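In the two assemblies presented below, chain A is common to both, partnered first by chain B and then by chain C.
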Partner chain A sequence: MEQILVIAERIVIYTVLISALYALVALGFTMIFGVARVLNLAHGAFLMVGAYTAWFAQQYLHWDLYSAFALAVVVCTLLGVVLYHGLVRHVQRSPIVTLIATLACALIIEELIKIFFTTNTQLLAPFISGSIEIDKTTVITNRIVAFGASWAAIILFWLFVHRTRWGKVILATAQDQEGAALVGIDVRRVYTLTWAISGALAGIAGVFFASWVKIDPFMWRDPLIISFAIVVVGGLGSLKGSIVAAYLIGFLEVLMTYSPSMRICTEGFRCFEFLGSSWVGVSSLLVLIAILFIKPEGLFGRAE
Partner chain B sequence: MRISRRSFLRVLGVGAGALTLSHVLGWGQQPPVKIGLIGPIVLLDVGKAMVRGAQLALEEINKLVDEKKLPPPKLTMDGLIRDDQVIRGDVAKAAFEELVEQGAQVIIGGFLDEAVMGMIPSMARLRKPFLNTGSSGKQFSELVKSDYEKYKYYFRLMLNSEVLAQDAVGMVKGLMKEELGVQKVALVMEDSNFGRDFLKILQAKLPSEAGVEVAKAINFPINNPDFNAILQQIGDSDADAIIPGFAFNTGVPFVGQTYELRVDAPVIGIITEGQAFEYWKSTGGRVMGHAYADAATGETPLTPKTLPFFQAYVERYGDSPPSRPLYTAFTTYDGMFVLKEAIDRAKGTDPDRLVEELEKTDYVGTVGRVQFRGKDDVYPHDPKYGPEYVVAKWVLWTTLAKDPLKADPQKDPLRVVIWPKQYRLRPDEEGRPISIDACISKAAAEYRAAVEEWKKKGKPRGGRFDAWQAFTRSVAKCFVGQ
Partner chain C sequence: MSLRAIKFGILGITVIVVAALGPFLPAKWMTTLTYAQLFAIYAMGWDILSGMTGQISFGHIFFVAVAGYTTGLLNLYMKWPIWATIPLGVVMAVVAGLLFSVPALRLRGPYFSLITLILPLAAARLVIILADWTGGELGKFGVAALCPFSDFKANQYCNYYSLWGLMTGIGLFLVWLSSSRVGKILEAIRENEEATEAAGINTAKYKIFAFAVSACVVGLGGTFSVHINESVFFNSLLSLTTSIEMIVASVIGGMGTIVGALWGGFLVRGGEQVIREVAQLKVPVGSEGLALSFLERWATFIFFALLLVLLFFARQGLLPLLLGLVKKREIRGG
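And then the complex of A and B:
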């Protein structure tokens, strides 16, 4: 019984920690869709640019991680604005073209990183080194920092949207773009601001994601898949939905790490494993498919 | 018949002129043998190292031919190097066929099994010898066994995964159990062909052949590099050590997280990317204390050819990654010499003659003595395995720097062979090997004593981690002769 309680405690702690990061990763993605109705497939690449900027500033400019982090946020903010004005603004009317254009952008960024940096996997130094004990669970200290920073960013973002004039302008544009334009809101400026904030959030997430796991030119794919799954499960454009979905997916991933696997062998063919740690990545996609069947608009999405 | 003096001089003049011109234009000389190379040369350092190893061998061989220390022909790889895009069997197959069209008489290289498998049917159909210097899948030598006439053109300088796993079992018994006192291990394997095979073999053989219990076996997905929960489970299992098996690039987060968590279990296993000298920088020094299987380290004089090759490599490529030779550089370098010897003995490049001569190979290279297994062996055309031939070397990452996280990644890291005992060597000032076996054995005994003390104190967190770090530092001192 005691062992079950210990495992339950660990599942809860790891879920709470990783889900906060997942929520932060998905936040910028859901915001762009909620306001501008654009599925930005370059979102993962934004995170990667943030991670590489911080790594470059640390390794080559010998900056401390805090300054490197600030630079990453600035670079990603600018990247968001540049991508909007340089590309998305011109193709936004066609969702398919936007989808392909942003994906192409991500692939270009991947190739540029391969050209200018190494393809080898790198580690971003943690903000705080070491690990701590929470009751019977050992946790890497940097993850507590990432958890705190993720929630700080989420709360600040929520306060900005709901408590400031510009936030209300963004909400109004998200609800009805034409109506917002009719009452004198400069929609293009709102979009610019939205892309800038999305970029900044991706920059923050990128640095923490990198210090949580790794940096390499392919690291944009996982955050994009996670963001996509979270946003679809939570309901496209719903902040609350994204947070709930992040916790659901985080929980399933941690649960898979602890669940025993079932091995099924077919005669004359190889064996297959069901559940267990090799199913960590599959769980979120299974939830995504299930939600698409049961509640296509997502947990907190509005039906069309 | 009388020849006039004028005619005689004319013939002599034309003859001398033709002889001079033939030397300049290469008339009468044997054309160089075209060797093609296929590997992940764009994306992965193992591919770049492969090209560099081949290039150094090529230049050395051609110089020896010029100096008449080796018979002609020379070798060439001009325009014959192709990328296989890491995992693309179709790309590797197209590259193989295109190189043969370009006149390549032998192909060398290969890294991931998936890409090598793409080349094998073309190799059999086109009857061109292929020397695999990078992939470890045993299915290729099994093909030679199953249909010798069809697949006899396949040879390999790498140990296959089964033999590598067997070597790992021997290492667990000799180093981990007998010297370090390990009773239980945790296996952390990636969910790939390599990881699954390695896991299966170790789970079956460690208890029976090494007398070591498998306390925990984990198969993790390649795209999920979060190890916190996995490492916590390993801690709960009370394992004395961790054996990883990673061929893809998932090692960096694993290394980072074992260091941050101060996991109380030394890590000794296979992490392919961890063989690169740049790995110290990539992990910020957190790889301190990890030991991985490798073909050679360069710093350790395994044979009289290891250090000269290592030095030549560093002198030429020391400024660009991979700045030290990876295993594919050693095997491909050796492979070029093996090919040259076989071509000379076969007096040409007729594929069947070349196969016959490759089978007679007996060459001491940078990684050991190379002889290929016979066609009746269980793994035909793989290198013979054993202390007198080729074995895996288990190499420890260490440094003399006080804080590994602050060590200079260019100057401070050391890579020292800790198993097998015969390769516990350091070079003296002239590069001659000196055994450091006694010194490492003493450090291992101190580690065991420290672990016993740690157990008596109730296993406080990080205690065994610190003991292992102390062992690692002692090995560094053994290596520099302190």
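And then the complex of A and C:
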């Protein structure tokens, strides 16, 4: 009984922590969809660029992590603007071409990173090293930093959208692009701003994702899947839905990691693990497939 | 000349040239063209579904994996002969295609593409979880060979011409299918699904049919690939890059033309080999010469960059571009 309580507590704490990061990961993705109706398949690659920028600044330029972090955010913001003006703006009218083009971008970024930084796994130093005890659960301190930063970014983002003039302009454009244009809003500038913000959010998420997990040229796939899953479960373009969905997905992932796993073996010493940490990515994929099939418009979202 | 005759003509010339080239190819290029033919099969398989109906699939490599792992693992562990496992693998791919298509086709446009992207990623997780059987990312060797010769050269010829036979058969069938009534309906679905439905056509039925044909073609390629490589290899059966390269091939050649996808397949795989060859060279600049070996690492990058350029400037692709030129001349001449 004691044991179960300890595991349950650990699952709750880890869920709360990682889900905040997941919500941040999905935020930029859902924002671009909500405002511009573009599914940016390069979103995971944005995170990767952020992670590599911070790592590069730290490793080769010997910057401290805070400056490296700032640089990553700036680079990702610029990347968002460049991708919008250089590519997406011209193909936006066809959703399918946009999908292919942004996915090609993600793969191009993967190739470039392979060429310049090899496929080796890199580690990013944490903001604060060490770990602390919460009741009976050991938590890496950096993950608490990531949790705090994620919520700070989400709340700032919410305040920006709902409390500032430009935020309201973005909301108006998201609701009705033509209507916004009619009342004198420069829609293209709004889109540029949206891509810049989305890039910045990806940069922040990328640095924390990297220090939470690892850095390698394939790391863009997991955040992209997480973003999909969250955004599809929560409804594309819905902020509230995204956060609820992030907690759902995060909970499933943590549950998979700490649930007792079963090792199933056949003759010939061939075994596989049923549940357990190797199933971590699987849960969000299965939830995603199930939701897309049963309720394609998402649990909270509008029908598309 | 009708479009159908032109397509059959181009297909005929292409396959005859590929067959005639065989004996003159150095060993390295023979391998390249063997894999180019395999890839052309994948590209045509992708084209009959995605190119024709406009439902873009990002995850066709999934069907390669289903067919490939089925035939490879049954052969490896159950010791079943390949003439039994290959059809089984293809059947499994078709079944997977059908199971997937029924719910997936309720989703339109981007949503459909999204879920196809998820499939190979989920399959990759499964392959890694079952690594004791599948070999995980390293793959498993010891699968029966497609060609039973002990001589390397004989084997190479046998692989080359078996794939040639498969490619020709599939090419003929798909060109016929694409210019039949079914093909016209698939194209109508791409242009305007509501209007097609309004004309009293059950579009879902045709899309599911296209799905099954597509999965079957790609699955056939997958089974051959396993027995040519004599291994189930993660990178050739489940690589997301290959999955996107199918789109690259089809976009280069012209989406929805089948023959264009065939050409695109050869251009992508042949082009990669050309880049590798060029990478061996040295440019006579300076005293030591400039080695081009760095180019090899840029091969994949170059093709994805080319895809972007094509999406921008020549979305219709090579074949329609050429046909367009021919037609213009005819009009001017007539």
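Quick notes on this one:
FYI, the second predicted complex is superposed on the first by the 289 of 304 C-alpha atoms of A that agree within 3 Å, B and C clash if a C-alpha of one lies under 4 Å from a C-alpha of the other, contacts with A are read in each partner's own complex, and residues count from 1 in each chain.
Assume contacts are C-beta pairs under 8 Å (C-beta built on N, C-alpha and C of every residue); 3 or more make two chains touch, one makes a residue touch a chain.
Model, not experiment: these values are computed from the prediction.
Shared-chain residue A:K114: touches chain B and chain C both.
Once chain A of one complex is fitted onto chain A of the other, the partner contacts of A:L123 are limited to chain B, with no touch recorded for chain C. When the shared chain is aligned, chain B comes close enough to touch A:I140, but chain C does not. Within the superposed three-chain model, A:T192 lies out of touch with both chain B and chain C [touch as defined at top].
Residue contacts after overlaying the shared chain place A:Q92 against neither chain B nor chain C.
In the superposition on chain A, A:L103 makes contact with chain C only, not with chain B. After overlaying the two complexes on the shared chain, residue contacts for A:Y258 are found with chain B alone; chain C is out of touch. Judged by the touch definition given at the top, the superposed model places A:G281 against both chain B and chain C.
In the superposition on chain A, the residues of chain A contacting both chain B and chain C are 114, 221, 273, 278-279, 281-282.
Chain A makes touch with chain B in their complex at residues 10, 14, 18, 114, 118-123, 125-126, 129-131, 133, 137-143, 212-214, 216, 221-222, 253-254, 257-258, 261, 273, 276-282.
By the touch rule above, chain A contacts chain C in their complex via residues 39, 41, 87, 90-91, 95-97, 99-101, 103-105, 107-108, 111-112, 114-115, 221, 225, 228, 232, 269-273, 278-279, 281-282, 285-286, 288-289, 292-293, 296, 304.
Against chain A, in their complex, chain C makes its touches with residues 54, 56, 58, 103-104, 106-107, 109-111, 113-115, 117-118, 121-122, 125-126, 128-133, 240-241, 244, 247, 251, 297-298, 300-301, 304-305, 307-308, 311-312, 315. Within the complex formed with chain A, the residues of chain B that make contact are 43-45, 191, 218-221, 223-226, 228-230, 232-233, 235, 249-253, 255-257, 260-262, 273, 276, 278, 282-284, 286, 321, 405, 461.
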